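Dropping the structures in below, format is C-alpha cells.
There are two complexes below, and they share subunit A, which is joined by subunit B in the first and by subunit C in the second.
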Partner chain A sequence: MPRRQRDRTLRVDPIKCEGHALCIEAFPEMITRDPWNYPVLNPLPIPDHLLRHAEHAVKVCPVLALRIVTGDRDRDRERK
Partner chain B sequence: MDSTVIWYTGQATGIVTLVLFSLVMVLGISVRRQVRLPGLPRLAAVALHRSISLLAVAFLAVHILTAVIDSYVDISLLAVVVPFSSSYEPLWIGLGAVALDLILAVVITSLLRARIGRRTWRAVHWLAYACWPVAIVHGITLGSGTGHPMTGWPLWLTIACVAVVLAAVAQRVATGRRALTPADILAAAPARSAAAREYATSASVGTHEGVRR
Partner chain C sequence: MSAGPRLTATGAAYADLATHVRCHGPLPATDAAHIIDIVERSGLTGRGGAAFPTGRKLRTVAGNARRSGAVLIANGCEGEPASAKDRSMLMKAPHLILDGITLGARAVGADHAYLCVHEGQDEVLRTLQRAQTERRAAGLPDVEMTVTEVPNRYVASEESSLVHLLNGGPALPLSTPPRPFERGVRGRPTLVDNVETLAQLALTVRHGADWFRSAGTSDAPGTALVTLGGAVAAPGVYEVELGLTGADLLAVAGGPSEPLQAVLAGGYFGAWLRADRFAASAITPRGLQAAGAAMGAGIFLALPATSCGLAETARIAQYLAEQSANQCGPCLNGLPALAEALTALAHRGGRKPSGTITALSPYVTGRGACRHPDGAVRLINSALTEFAADVRTHAQRGPCQGLRRAPILPVPTPERASARTGGRIPAEV
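Right, the complex of A and B next:
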C-alpha cells in the first residue's frame, strides 16, 4: 500500500519505553503486547475512526515514549 | 451572600479537597509498572489520578475564594499565594499558601508535560509528597473553622486519610522500587518464558491481524 502524505502512524521511542503497557490497554486495536509487556505497534496508518484512541494512548504513556507521526517527511528526517 | 453560607462552603470544600487529594496521592503512589490496585485497571487508575486531581483543584479554588470573600476574618488575595503574609493565623494560613503554590507547580507542569519533558516533570511532581503533609497540617490546625484545631469527625476523617496514604507509601516501599526487567520475568515464570520462546521463534512477530485498511 503506497504511503500518503497525510498518513499518521504510531511510533514508539524504544529507549524511553519502560513497558508500563498503558498504551496497550488504551489502544489494543493497533498496539499489542509482547511477552515482556512491551508494545508492538501496528505499522499501518491509523484509520481516521481510531485516531481519537491513538491520541489517548499517546497521552496515557507515563514516560512520553509514544507519539503519532504524520506522513513520509517525518520518516525521512528520523533516518538522518 | 450570607456569611454563614460562605463559612460552611469554605469548611466543606476544604474537607472535600482533603479527601480528593488523599485519593489522588493513593492512586499516584500505588500505580506503577506491573502493579495495579485490585479491581482497577491501571489505565483507569491513571485516568482517575488525573481527573480527580483536576476536580480537587476546582474544590480548592472554591475553598480559597470563600476564605478571601469571608469578611469575618481578613485573608487577602496576597496571603493566599504568599506564605505567612496573612494577618490572621499567619503560620497556619501560610501552610495553606505553601500547599497551594506546590499544587499549582505540580498541576501546571503536568499540563505541560509533553513540552517540558519527562525529567523536569518528574522532578516537580515529587513536590506532591511535600505538598500533601503541609495541606494536612493546615487542615488540622484550622479545620474547626473557629480558629481552634480540628475536632470530631473531620479530625477522624483526616486521620483516616493519613492512614490510607501512609499505608500506600509503606506498601510501595515494602515491594521495592525496582521494576521487573525482561530477564527477571523470564527467570521468575517458566510459563511466561515458554511463551517468550514461542514468541521469539514464531514468524508472526510484528504482524497485526486486527486493523487493515
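Right, the complex of A and C next:
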C-alpha cells in the first residue's frame, strides 16, 4: 500500500503497553480491544477529522506507549 | 549444480590454522568497498533465519557508521533447540568464522566485535581460545573481539536482545525502531550476522561472487548448512547446495528411516509440510515460503507416519510459550492460550480447541516487539492445516494412537532452558 509522506498512523510500543485500555475508550473509532484488553490499532492513516481524538488517546496513555508516527517508518518491518 | 563441500571442505574435526590456510588460502587483504561489492553481487543471504541479503545489510551499516564507527555481532547462539549447525562450525572450522568476523568488521568499519554463544558451552569456548591463540601467534590482522556468553533462552539470541545484553541490560528484545543496524551497541550502527553467514562471507571474499554463484540456483545461490533430524537414517549436520528437492535433501541423511507423514521445515520458527508436498518442494528460502514454510536456520525434522503431529506440535507450542520474554501482552497471553488449546485438542479432543486457535491467532501475529510470537503462530496453524484429517479425528473420536509413541521433536529440559535473565523456570516441559 503506497503511503503518502505526510500520512499519520498510530503506533504502540508493545513492551511499554500495559493493557490499561484507556486509549481504547478514548479513540474507539480506530482502536479496538483484543481478548486480553490490549489495543488493536487500525493500520490505516488517521483521517484529518479524527486527528484530535487520536491525540487525546496518546495523551491518556499513562505509560507513553502510544504514538502518532508520520511518514513511512515501517520500511524495515519485514525483517525480524 | 557442481561444487563439493565448501564450509566443510577440510573434513577435519578441528581445522587448525595451517590446515585452514592450506585448504582455503590466506585471509584476503581486500578493502571495505570490495568486500561489500563482492558480497552484494554474490547474492549471499543470512543463514540465521530471515534470509536477508547480507550485502545490503553490510552496505547499510557501513553507510550509517561513516562518522561514528560500527560494531559487529557474530550470532553463534543457535537458539533453535533442534539445530546443530552453528556449534558444528564453531567446533570444526572456527578460523572460517573468525576470518568472516574480521572481514565483516572491515567492511562496516567496526573496531570491535562480539562473538555470542549460549552459556555453558565449555568445549566451544576452549576451541575458540585455541583458534585465537593460533591466529595471534601468526600475527593475523584480526579485529579486537570479545566472546560473550548469552543466557539459554529462545529469545535471548534475537538481534535486539543481544544488543540489549551487550549494552548492560538483560538479554530481552528491545522495541524497534531503532533497529540494531541504525543504533545498536553503545549507540553505534551494529551488524548482526549469523556465524555461518560470516563463514560463507569469508569464502566468498576469497573466491569471488561468480564462484559463490556456481553452486545453488540463480534465485538461491551457494551452499547452506542444514540440520536433518527425526526419522531419517543418519541424522546430523550436512552442507548442501541450495535448490535441491525435499526428497533429495532427506536422501542426504540416508533417507527416511520409516514411512513419513510430514516434515517440519525451518525449525520452531517454520512450518509443517506433508511428506509428499515437502518431497516436491525446492529447498530455498523462496521455495519453502511458497509452500507455506520457511528455510529458517536450515532445520528439517521428519515425522513418522505413526506419530501424532498435533501432540508433537503441542509440546513445542508449550515450550515456545514458556520462552516468551513476557514483555508484550499479546505474546505473554496469546502463546499460552494457543498452546493450551492445541494441547487440549491433542490429548482430549473435541471441536472447540481448533476454533479457539483460529480465532486467537490473528490477535497474536505481528503484535509483539520481536517476531517470536509470529513464528509460534505459524507453526501451530501449519499443524491445523497439514494435519487436518487428524484434527477431524480428534474432534470426533478423541486422541489417536500416535500418543503412544515417544515424542520425536527435541524440547529442552527445564534445566537447560533455565536462565539468568529473570526467567521463570517452567515446572514441567
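Basically, the second predicted complex is superposed on the first by the 71 of 80 C-alpha atoms of A that agree within 3 Å, B and C clash if a C-alpha of one lies under 4 Å from a C-alpha of the other, contacts with A are read in each partner's own complex, and residues count from 1 in each chain.
Operating definition for what follows: a contact is a pair of C-beta atoms (placed from the backbone, for glycine too) under 8 Å apart; a residue touches a chain by one contact, two chains touch by 3 or more.
As the structure is a prediction and not an experimental result, all values here were calculated from the model.
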Which of subunit B and subunit C A:Pro14 touches, first, second, both or neither: second
Between subunit B and subunit C, more extensive residue contact with subunit A: B
Touching partner for A:Leu51 - first (subunit B), second (subunit C), both, neither: neither
Partner chain in contact with A:Val60 - subunit B first, subunit C second, else both or neither: first
Partner chain in contact with A:Trp36 - subunit B first, subunit C second, else both or neither: both
Overlap of the subunit B and subunit C footprints on subunit A, listed as residue numbers: 16, 18-19, 34-38, 40
Of all residues in subunit C, those that touch subunit A in their complex: 49-50, 52, 158-159, 173-175, 177, 179, 327-331, 333-334, 337, 360, 363, 367-371
Residues of subunit B touching subunit A in the complex: 32-34, 41-43, 46-47, 113-114, 117-118, 179, 182, 185, 192, 195-196, 199, 205-206, 208, 210-213
Residue numbers on subunit A that touch subunit C, as the complex places them: 13-19, 34-38, 40, 73, 76, 79-80
Residues of subunit A defined as touching subunit B within the complex: 1, 16, 18-22, 25-26, 28-30, 32, 34-38, 40, 42-45, 47, 50, 60, 62-64
